[in-house]
């Protein structure tokens, strides 16, 4: 057999001992990009997959539906304010404010995570395609971080998007847009910071939980159960307990921690169980960061040890 | 359905015969698995909370206990979670794994398949949440637990478990994302919307549970219940019938699809 | 036929009046814009019929429609004369072996097959299960969980579950998937034996050797259409626009080749190793005359063998159309 170059499409040279069939395999002689681009590609693919983009309509229903629901309170509030603003607005009457916004859409964020996190990591586990990822220019930990980045970005969109709309919209419906912006400019920083930290907090924990099982339903149930039960438990311990140490029980609840640092960043007073706990605001930030670190560590550890 | 007897085979009497094996199959597939253990654990958490309640000397008033502990922990949290998870697993996991084809390629009427699976899910979740409720009551109230209020509450909770299971089975027959859809229903429809729109109260499992609980206790009004027991029962039975009908019809027309 | 006795029922209906066991009448199935099966008509009777085609040809779709698990978009699929869709009673007459390697992994093989028997409504499910397991030679492993089986064992267990109610019709989707060569031989023998009992067996495959060895009839599907049906040798004979190749061994190949070429009986001849390869345009004419030509040349014929009547050549011809 002589050494053959790749034949042109359509030709099938035949020698005395056999023939080469040209199945259309092509060489690739272009540039090969590195790790960073691989990571970016996985990140953008995962972000699109989170919202069901590139897949059928059924994959979009839940994430896009929840996205719409996340924006709904803001849109309605702005509408009400625009139409009735003169009539109902006392000084500073704003039913939805950036600092209590998370409480309102907490359920929506949780459901979004419970729906999306299993899709992001569970599918690859279920279809045993991790080998394909790990034999490319991706380390195991970059895979995990790309997925985390995608989920956090999606959550950021859900958390910050309506807030930004609310902020800008409020300025537009007020009598003096520029003045409004100037007066409330100090809200922007806390808004972004609390949004980012909240998205990281929920995202890291949810993804860590979801990465442990390929079955979608298991992961969904586990995520919801964890957040709901921990939230109720934390509030309960703090509300009902009367010893000094029980006030730290509130820290068991990621949701309460989220609420805590958001209010601290905005400088508003805590209510309910948070007030009873009476913990320093910076502590919430520290605990939140701790949760994120634990979640990321669990996630990385899972992907270090999972059989591809 | 046209289920006629075709001659030439050794046949046991009756169409209902396969019910037993189907129940055993579903029970083995669902119980004893990690999922059920976790649900049992979840159902135990309110009992721990009740112990905490008792140990910290909280109010011994059954109404207060019911509204402060049973409602947020059992009625709102553990009940829907456990029943939805178990309900979506009996049919949903078979559809996901493809083993449903094994059951459908048999001369067993579809309604028997649906009934067998629903019975297992409903029974398992009802037992879990009812036991949880009763234990909470006894642990949380101590001597005051002798009051008969818990009977209505436990009955309501059991009824709720059956309802959520039926809804979950129907959802599993319709979509591959049954659990998340069910959770969205519980959190958004029953949680948020029910507070805003009065009409939603007619179709809300929580309302039915509260309505029945109101038979022996006074907790339904404070918790937002608006239905009386007979109405709740009737509406609940209607929901059960509709859910099972949906599941049966969907299974009859089940088509093997490409895995999504 | 004997005269009916008073105790017997009505006289048996002559076979030709019975509807075919499996029948497709202008069946099509599409998913949105994608046509998976396109105007397919056939009927299947007793014996082994192979449904052959490349991946994606629509074989599994056709099998699912025959099994009542998929609804035809148009046309009709009938089992023993009645529509296959929404026909739960027909499962007493059909055994289905789907392609997907799935099962109740927590059950033992025996429990799994017995469950099948119970769902089929058999009077003695235990005995039927043991019989079926013996048929597929799985008795030793019958008390181990399915999750611990090898893939071939699971395949056999699922086959036992499909056979447990002694169905006259068997639908098998890629039954040789995941089996090693020895297991394939055993499966082939088993299916041959069952066909000899008068059963109707339809199996799909893309492994040509197995279809060639096992099937009496072949239904070839390509891109959703039925490209050919019948015995593959008969199909080959119908492909008249392709010359037939023969391998001829004789005492004087060279002279024979020259004579054949001169007389215009063959389109081409090639001396290859110890044999003569010829391409004949007309199958019938060549076979009638080759002996006389050999005699005239003085060569003794040792062997004449058609070389492209394999299922493979039939198949590649049809696929290339």
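The first chain written gets the first letter, and so on, giving A, B and C; residue counts start at 1 in each chain.
Just so we're on the same page, a residue touches a chain if its C-beta (ideal position, glycine included) is under 8 Å from a C-beta of that chain, and two chains touch if they have at least 3 such contacts.
Quick caveat, the model's predicted, so the values are computed rather than measured.
Arrangement of the chains shown, judged by which pairs touch: a linear chain-to-chain path with two open ends.
Seen from the Cα centre of chain A, the chain whose own Cα centre is farthest off is C.
Averaged C-alpha coordinates give centres for chain A and chain B that are 30 Å from one another. Taking the mean of the C-alpha atoms as each chain's centre, chain A and chain C sit 53 Å apart. Averaged C-alpha coordinates put the centre of chain B at 48 Å from the centre of chain C. Residue ranges of chain B in contact with chain A, taken from their complex: 34-35, 38, 42, 45, 49, 52-53, 56, 58, 72-73, 77, 81, 84-85, 88-89, 92-93, 96, 175-181, 183-184, 187-188, 191-192, 260. On the side of chain B, the complex with chain C involves touching residues 1-6, 9-12, 15, 17-18, 21-22, 25, 28-29, 97-99, 101-110, 252-256. Looking at the complex, you find that chain A touches chain B at residues 56, 58-59, 62, 65-66, 69, 107-108, 110-111, 114-115, 215-218, 220-222, 224-225, 228-229, 232-233, 236-237, 240-242. Listing the residues of chain C that touch chain B in their complex gives 64, 67-71, 86-94, 96, 98, 100, 102-104, 106-107, 115-116, 118-124, 161, 165-166.
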